[in-house]
Amino acid sequence: MRKLGLLLSRCAAAWKSVRMASSGMARRAPLTNKVALVTASTDGIGFAIARRLAQDGAHVVISSRKQQNVDRAVATLKGEGLSVTGTVCHVGKAEDRERLVATVLNINVKATALMTTAVVPEMEKRGGGSVVIVASVAAFVPFPALGPYNVSKTALLGLTKNLAIELAPRNIRVNCLAPGLIKTNFSRVLWMDKEREESIKETIRIRRIGTPEDCAGIVSFMCSEDASYITGETVVVAGGIPSRL
Amino acid sequence: MRKLGLLLSRCAAAWKSVRMASSGMARRAPLTNKVALVTASTDGIGFAIARRLAQDGAHVVISSRKQQNVDRAVATLKGEGLSVTGTVCHVGKAEDRERLVATVLNINVKATALMTTAVVPEMEKRGGGSVVIVASVAAFVPFPALGPYNVSKTALLGLTKNLAIELAPRNIRVNCLAPGLIKTNFSRVLWMDKEREESIKETIRIRRIGTPEDCAGIVSFMCSEDASYITGETVVVAGGIPSRL
Amino acid sequence: MRKLGLLLSRCAAAWKSVRMASSGMARRAPLTNKVALVTASTDGIGFAIARRLAQDGAHVVISSRKQQNVDRAVATLKGEGLSVTGTVCHVGKAEDRERLVATVLNINVKATALMTTAVVPEMEKRGGGSVVIVASVAAFVPFPALGPYNVSKTALLGLTKNLAIELAPRNIRVNCLAPGLIKTNFSRVLWMDKEREESIKETIRIRRIGTPEDCAGIVSFMCSEDASYITGETVVVAGGIPSRL
Amino acid sequence: MRKLGLLLSRCAAAWKSVRMASSGMARRAPLTNKVALVTASTDGIGFAIARRLAQDGAHVVISSRKQQNVDRAVATLKGEGLSVTGTVCHVGKAEDRERLVATVLNINVKATALMTTAVVPEMEKRGGGSVVIVASVAAFVPFPALGPYNVSKTALLGLTKNLAIELAPRNIRVNCLAPGLIKTNFSRVLWMDKEREESIKETIRIRRIGTPEDCAGIVSFMCSEDASYITGETVVVAGGIPSRL
């Protein structure tokens, strides 16, 4: 065994002796000529994803339930020279929403399924497309005291698999992002007080709470041609907290 | 429920009405100033990964057991204007190799562990790094008649998790790629005869056998800053064949 | 390595030389003094589970939506000398049911969650209890053309985990059974025609479609003291078809 | 939704009103006429499994590397009226063992594979059989600082799947037990000091460290006819610590 180790070290040595190359190559934006609809995208993870998709060349449609939030997000991204438009997209009147709030499964699972179904015809017309569903690492290892949220996220893992199978013949790929602890309003209680944040960070292998931007790159990747053989899969972005094998 | 569907359609309609944007943005190569050591990289998936990392700006060290294979691969990539060097890196003398062949676990698991350990000090000196281990979808759903191969790939899922935990404090991330059926010499028997290939394709959701290039993008992504909050995770690139939830 | 194999063979030889022992030991029924409520238990898997729990010593409450089905099941089991009673337990009026049919998630996930919550106080009064949720192997690898069913079953995996965590402090364990292809009315289309059945059997490692009885033993086990350190887990009973690692 | 809850409560009420039944049924020992070879069974989990299989009617062959340990275990179980014999079964001479110690993969994975292969012909002669491999919850979520152990346990998950597929045609089932934190010599460091034990228990949903006996029932179940449609599966016995979905 010692010999094996030795030879590998020599191999590693060859590697370490190379000087840093600075190629400075430029790549064409990977999402050029694509249109991206990002729901719930005026804030947090959704906003970071929308910005990143636009930076990567897509025309992005910002969507949310409140006009003023949409306007603000669109203005911000246009100010950065990005190609965006906005649309208000709510799932019903106030009283309906109330009831929906009580049924997280409806919002997280059924709305995702319906939304996907709604955009399929348009994707088909363009020759295919890519859907990225946002679940959570809580789909695998539950967050405490968030039962219905956790269960709805687990259901999204299944929805991803099922939509991937259903839509493959139409050249539409469906994948899933499972973020860990990310610094957003949703997780505010975990990091708003410094002491709490420090103790939370101890449980994460990469010693920091994630940022919305940490979640954006993989979504852009999943939408790009580079991921054209990936469908039905979930990628965890969680800094190494327990997820799954 | 009808209302929900209706409103979502309207939202989808807003999306479909946007004209195709052509931003033509250019991005800096994501791996500029990085050095990549790719083992077993003169052919198949390894070669595609090496090429892609070089295209994305890294200086790549090609490595394999045979000098002439290394020379050929280096020449090819240099001919494409890429920054590469080569090194012969074998795990022992012929007679040792024979014995190792009998113990797939040694090559696939122990050599991977030792190799990682060998490059860690150099990575640390540079302030961190990224390791991508190549397992297989057979780690989750066994390929027929390839028991030891399958088991060694399952072990790599565990190795990924364990190295990720061990190396996180040194700012080294460890992730894993699990390819499905990919057109390489290894899988030749599956696609060398047209009829066989057609019947295999029926079992894959995306109706084609994957290419080595299908595996390269995700490796480049995993090595880039975009993946800086991802560690210990395995991504399946398998066109939608059964893998895991 | 040869030596290792040799010595193990010797060890195996020691084993094979023992004569068959016939201890004829008798065990006390493992569910004596327990009461089991089995929903949807007038037919198929539910009925087989109810019978088995009664055979293992529990008093079983048969429950279903239709009085005559409950009566028939109770009569059958009483005729076998088992301790059972019945109760009609429906989730609403006809028109409500219609709507629920359209929302498998409601029936499979919400009703399971509510039912569990409903029995918790009684379990607590008795010092603890055990809940076994019936999901499906389709939770991991989708059955074709059964999207909403599959997704609801995936959600049940999450529900199991979440309820296990929530109810552990009250000494209530929550586990899950994931049957594969089982000969019931639900799967009739797969086995009613001989040719179809033969081709299905080819895909199952244990060359037969499962029976409801195949699912009953593990439920009894999960409810017994023998499983007192098992909670939040799912056991697949599927004859070796692809499920998960 | 209120109505649903209400009706379910009524259903639960029916259940709670039943009086405790005391059937006092007696079952025939489920492993009567079976012979069980249990390796590493003079202590801890292995010993608890051996005892349980004997209590459930099997003739048990105790096996370990040291004669005196085997003798002691056999004497203990015979003193309980159980049907056992012993055999010393080591994997080589001292110097070999030293080397093996360095390669946990060899002991945990290769020895398990070889042992299974060694007993297959005898099982076949008897018309079939059942193998239960002991992995660990660390196969899914690594124990700190036990890298090689963890990885070898992950490999066992794959070995279980592969052997199950390979041996199904010979009517041999192969399943796997994944214990959590169990009070044995192996885990002594976790519970030998009271304070440590208390803090460990806080992380387990069922607020205690498991016992070897907690692991024995599921092994007996897996070996019994009741599990005849279960193969290739792993059952976690870990009191609800994070494992997998």
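Chains: A, B, C and D, in written order; residue numbering restarts at 1 for each.
Note that a residue touches a chain if its C-beta (ideal position, glycine included) is under 8 Å from a C-beta of that chain, and two chains touch if they have at least 3 such contacts.
Quick caveat, the model's predicted, so the values are computed rather than measured.
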{"item": "Shared chain contacts [chain C and chain D, defined touch]", "value": "A, B"}
{"item": "Interface with more contacting C-beta pairs, comparing B-D to A-B", "value": "A-B"}
{"item": "Copies chain C and chain A - interface residue numbers shared by over half, same or different", "value": "same"}
{"item": "Furthest chain, CA centroid comparison against chain B", "value": "C"}
{"item": "Equivalent of A-D within the choices C-D, B-C or A-C, defined by over half of its residue contact pairs recurring", "value": "B-C"}
{"item": "Distance between the centres, which are taken as Cα means, of chain C and chain B, whole angstrom", "value": "39"}
{"item": "Averaged-CA centre spacing for the pair chain D and chain B, given as whole angstrom", "value": "35"}
{"item": "Distance between chain centroids, defined by C-alpha means - chain A, chain B (Å)", "value": "21"}
{"item": "Touching two or more other chains - residues of chain A", "value": "1, 103, 110, 139, 141, 154, 157-158, 161, 165, 244-245"}
{"item": "Complex contacts: residues of chain C adjacent to chain D", "value": "1, 3-5, 7-12, 14-16, 18-30, 32-33, 35, 37, 39, 54-59, 61, 63, 83, 85, 87, 89-92, 96, 110-111, 114-115, 117-119, 122, 157-158, 161, 164-165, 168, 173, 180, 205-207, 210-211, 214-218, 220-221, 224, 226-240, 243-245"}
{"item": "Interfacial residue positions of chain C with respect to chain B in the complex", "value": "1, 102-103, 139-141, 154, 157, 242, 244-245"}
{"item": "Chain A partner contacts - residues on chain C that touch it in the complex", "value": "103, 105-106, 109-110, 113, 139, 141-142, 144, 147, 150-155, 157-159, 161-163, 165-166, 245"}
